[in-house]
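If you scroll down you'll find the structure; I have some questions about it.
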Amino acid sequence: MTEAPDFTASELLAVMSGRLLEDGQVVFAGVGIPLLAATLAQRHHAPGLTILFEGGTLGPFVVPGELPPSTNEQRCTRRANMLLSITDVLLLLQRGYVDVGFMGGAQIDKHGNLNSSFIGDADAPSVRLPGSGGGNDISSLTQMIVAMKHEKRRFVERVDFVTSPGYLDGGASRSDAGLITGGMYRVVTDLAILGFDEETRRMKVEALHPGVTPDDVQANTGFEVLIDTGVAVTEPPRASELAVLRELDPERLYTS
Amino acid sequence: MTQSYLELRERTRARDRSLHEKVMSLDEAACRVADGEHVAVGGCTLSRTPMAMIWALIRAHKRDLTVSRSIVSTEGDLLFASGVSEHILTSWFSQGIVWGISKVMRHYTETGKARFEEWSHMSIGLRYRAGAMGVPFMPVRSMMGSGVAGRLADLREIDCPFTGEKLMLLPALNPDVALIHVQRCDAYGNAQIDGLQFMDMDIAMAANRVIMTTERIISNDRIRRAPDQTKIPFFAVDAVVEVPYGSAPHECYGMYEPFFGHLDEYAEATKRDPEAGAREYLERYYAAPKDWSEYLDLLGIENVLDATRRGRSIYDD
Amino acid sequence: MTEAPDFTASELLAVMSGRLLEDGQVVFAGVGIPLLAATLAQRHHAPGLTILFEGGTLGPFVVPGELPPSTNEQRCTRRANMLLSITDVLLLLQRGYVDVGFMGGAQIDKHGNLNSSFIGDADAPSVRLPGSGGGNDISSLTQMIVAMKHEKRRFVERVDFVTSPGYLDGGASRSDAGLITGGMYRVVTDLAILGFDEETRRMKVEALHPGVTPDDVQANTGFEVLIDTGVAVTEPPRASELAVLRELDPERLYTS
Amino acid sequence: MTQSYLELRERTRARDRSLHEKVMSLDEAACRVADGEHVAVGGCTLSRTPMAMIWALIRAHKRDLTVSRSIVSTEGDLLFASGVSEHILTSWFSQGIVWGISKVMRHYTETGKARFEEWSHMSIGLRYRAGAMGVPFMPVRSMMGSGVAGRLADLREIDCPFTGEKLMLLPALNPDVALIHVQRCDAYGNAQIDGLQFMDMDIAMAANRVIMTTERIISNDRIRRAPDQTKIPFFAVDAVVEVPYGSAPHECYGMYEPFFGHLDEYAEATKRDPEAGAREYLERYYAAPKDWSEYLDLLGIENVLDATRRGRSIYDD
């Protein structure tokens, strides 16, 4: 990989997850890496990608160097096609206008459940996290892509708390709970791209990033992760992708 | 929890819904909020936060307010730290992702000094909407199977009588008071809102009382020349207060962006000792100034001009 | 009454019903006499009267000589404070922002139920009427004033069909059906102003128009109408009221 | 009656929701409507009626359409008389109060040739809204105890699980197609609507297909400069047709008022023999013209100018 350009782990996350977004799709993106990756995709290979932000923005073009502190400021609305109320933009998920939801994650388990509420016991947490935001709604109602750092403490057997539902206890438990649409599609990390087994709904490696071994992934995962022999390897970030990223986020607000 | 329909109707009937002027000062408006009431806050995160009104409520030493908002930022820290509220209902609570997790929120919730009641973002919006529509609940397809729902007593799961599908029913939320900040409204409370609307229309229609702060008061004639631009009708509004930069250091769409420098300072000041840091901040910016102008003066004219320049840039295209 | 000015029956209806509207109230008015009477009240004695129209208009001032053909055209919106969607303006009734609903009627019974759907059997009607419009919603959710011509065929023992509920079968039957707010307040005719007994919810005369006898009312009513001895008599239309009416409706669109 | 959620989601997923141009002719748009479908019509009574699109559907000899609209006027007469629809769902059906009860509606319904399914006005709006929100029903406090509800099979009465109050549940309505006429939209379908909105936003979001006619097509740049003025988003729209005076002889807010003279003639022509009168009207105004311009020519340039003068007067204040 010596000929490959340097990049940070966050930049790798943004590039790899951005590649999963296709032209013509409608993506509901959270702030941070998702916003950056969706904007990268829009600039790089999916000009017809429609981005939705929780604050009520439909189809904007975020201006390079003016990344918003959340998805609720006017910076999110530049060149947008429409502004809606928060409730109405979230209802687009329930109505089915959205192809994919795209969020970051603090803690995830083998069935793709996300925790952004409590570390430890919810009644006496060691850390009170900021909470669901739209995460619960997005993950309940559409196909999800999650981008997060691959660390053992973040990839756990069972999340301390299910803020945003993945496949719950695996198998058919998600639809049994009433969530008959959507589900975790891909988890993009700085080590690999992961999906979920159709039957058991357990996390499995779909592709490894260049230079990453199956053992690297297992060593950084708090549960037994499924991996087929001869699993695919991703193409390293291109200079063109990194160039767009660095134009969008010159201050490394999201990619430090 | 859910108000009975007859009680809701009676509270609404008793309000003065006539076309009358209701312009008053921040202090007069603060008197319209009683200790122990449920106060819904308009805007979202750093946007169109009714900061001047919250500033006035903290200065008036209100107590035991239950506060709800779509997403809570620094104003939530300050409501906890000032003792005005020990119970905030929201979907996400921190200054903003770029500043990491709020140390003040963590301190007050992890020590059990205050409560952060978590609902999903859409479910909060639908609770206000049900309240605005005058129905006791709204069906929704999210929240099911999650830990968030598991910690909430006031929910019902049903099988749809039409389709048999599992659904969650969310209880209507009709706040005692709503605090809304807008770009402009008339002396009667007819409000125009530019840009992002957030949940403000539903909050205003759901609440039993609305206190509206505005960057500018305009004539009723101007309202009547473009009635399709009115977002909140006068008869839902009980008080109008003109407060320039009424969301500072947060933003007001098209007028000013967040005061980022000030927000960095705040994050820094509350990092090591959240309780003491917040107390010092409140002393300096909330207790000391004799009025809102002096508060803005503390933010600094250079920063006011910078935030304004960035704010207006949304219309440069 | 020789010194009193001449007026049509419709003008009498508009004047008498307009007088029931008080300054500062919020009134949800239908097209025709209600629109005219509410506008008269606004011009004459209740300048602070807020009028709502089903089409989505909040607080307009209808322009003299430009009466709308329904409550859904732009003529209804002149100088309005706000325009809403139809659903949202009707929801104001359910939320409780409206003091009084004000409609015309084709057929009414002794318990104040209104029929604007079918004459005869609903499955094989002799006349198919235009239907509820917002009538059912308004009468289900707020206090009602109805203005209509006093004719035996219109004032019947039991309406052929309950389009807009009054007190249904009388007594507590309205609230038993789930309609725990609102109800018929006044019926204004060219002969009298009628209300409803608190207990039985049967129609009774509140006041007679000048020169009208109890027998006149009974003779034009298809059921036994309650009337106390020494019932009040209304003040005849004033020249000032008729002048406003004729300015508003010079072509006698609603008052022929 | 109510669509299953999975079916609704699949129909929506299968639509091309990308930002693409979708401008076409009236005839091409008419091909997007299949016989037997449920067609929701935007506007109300005489306002923003998508008359040009209805004109095209009648000229294309569509059959067995179920048509729903908040309030139905002359277009309903013509849908019955042309044989395009034998089933109209609405809350009020007649040309307009000043013309008395529609003789055409009476003739077709009283002879059993066609069906007028009556719902309350708000209940129709809430059925579209539930459809737009992706929930199977909406609770409401009206309709209970009435004959209107008594004739409707697809209703449920429940005791509120939160308050115990009696409530009516209305089934969601997700039309196959929505016909919407607006003052302006871009080539992608982003629509701005001036003045009265009626139920158009909910209808557009609820429908599985939207055909939008517009007085004028504007640039996407103009849409993006005022995104808070967009009322219907491009991805809910499947066809865009530019049709000046596309609501004539009805009105389009701020552009033209109803063609009253023409509407008086229509009422007169259908008074004595409604069926024959309507047939002659359809022959003259719907079958004979070679295109929409020729139809407008039949309405008469003097009348077009008069309606336009009155229409624009709304902005005289």
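As written, the chain order gives the labels A, B, C and D, with residue 1 at the start of each chain.
Everything below uses one rule, namely that a residue touches a chain if its C-beta (ideal position, glycine included) is under 8 Å from a C-beta of that chain, and two chains touch if they have at least 3 such contacts.
These numbers come from a predicted model, not from an experiment.
By number of C-beta pairs in contact, C-D leads over the other of C-D and B-C.
Centre-to-centre separation between chain A and chain B, using Cα means, comes to 29 Å.
Inter-chain spacing, taken between the CA centroids of chain B and chain C, is 41 Å.
Inter-chain centre distance (chain A to chain C, centres taken as mean C-alpha positions): 59 Å. Multi-chain contact residues of chain A (touching two or more other chains): 57, 77, 79, 83-84, 91, 94, 180-181. Contacts with at least two other chains are made by residues 5, 134-135, 140-141, 165, 167, 195-197, 224, 228, 317 of chain B. If you sketch which chains touch which, the pattern fits none of the simple shapes: not an open path, not a single ring, not a star, and not all-to-all. Across the whole structure, chains are in contact as follows: A-B, A-D, B-C, B-D, C-D. Residue ranges on chain B touching chain D, taken from their complex, read 1-2, 4-5, 134-141, 154, 156, 158, 160-163, 165, 167, 169, 171-172, 194-197, 224-225, 228, 317.
Every residue of chain A that touches chain B in the complex is listed here, in rising order: 31-32, 54-57, 69-70, 72-75, 77-79, 83-87, 90-91, 93-94, 115, 117, 122, 124-137, 140-141, 161-165, 168, 173-174, 177-181, 253.
Listing the residues of chain B that touch chain C in their complex gives 5-6, 8-9, 12-13, 16-20, 132-135, 188, 190, 205, 220, 223-224, 227-228, 230, 233-236.
The touching residues of chain A, counted against chain D in their complex, run 23-26, 48, 50, 57-60, 77, 79-84, 91, 94-97, 99, 180-181. Within the complex, the chain D residues that touch chain C are 44-47, 70-71, 90-94, 96-99, 101-102, 105-106, 109-110, 112, 116, 118-123, 125-126, 128-129, 140-148, 150-151, 157, 165-168, 195-202, 251, 253-254, 257-258, 260, 311, 314, 317.
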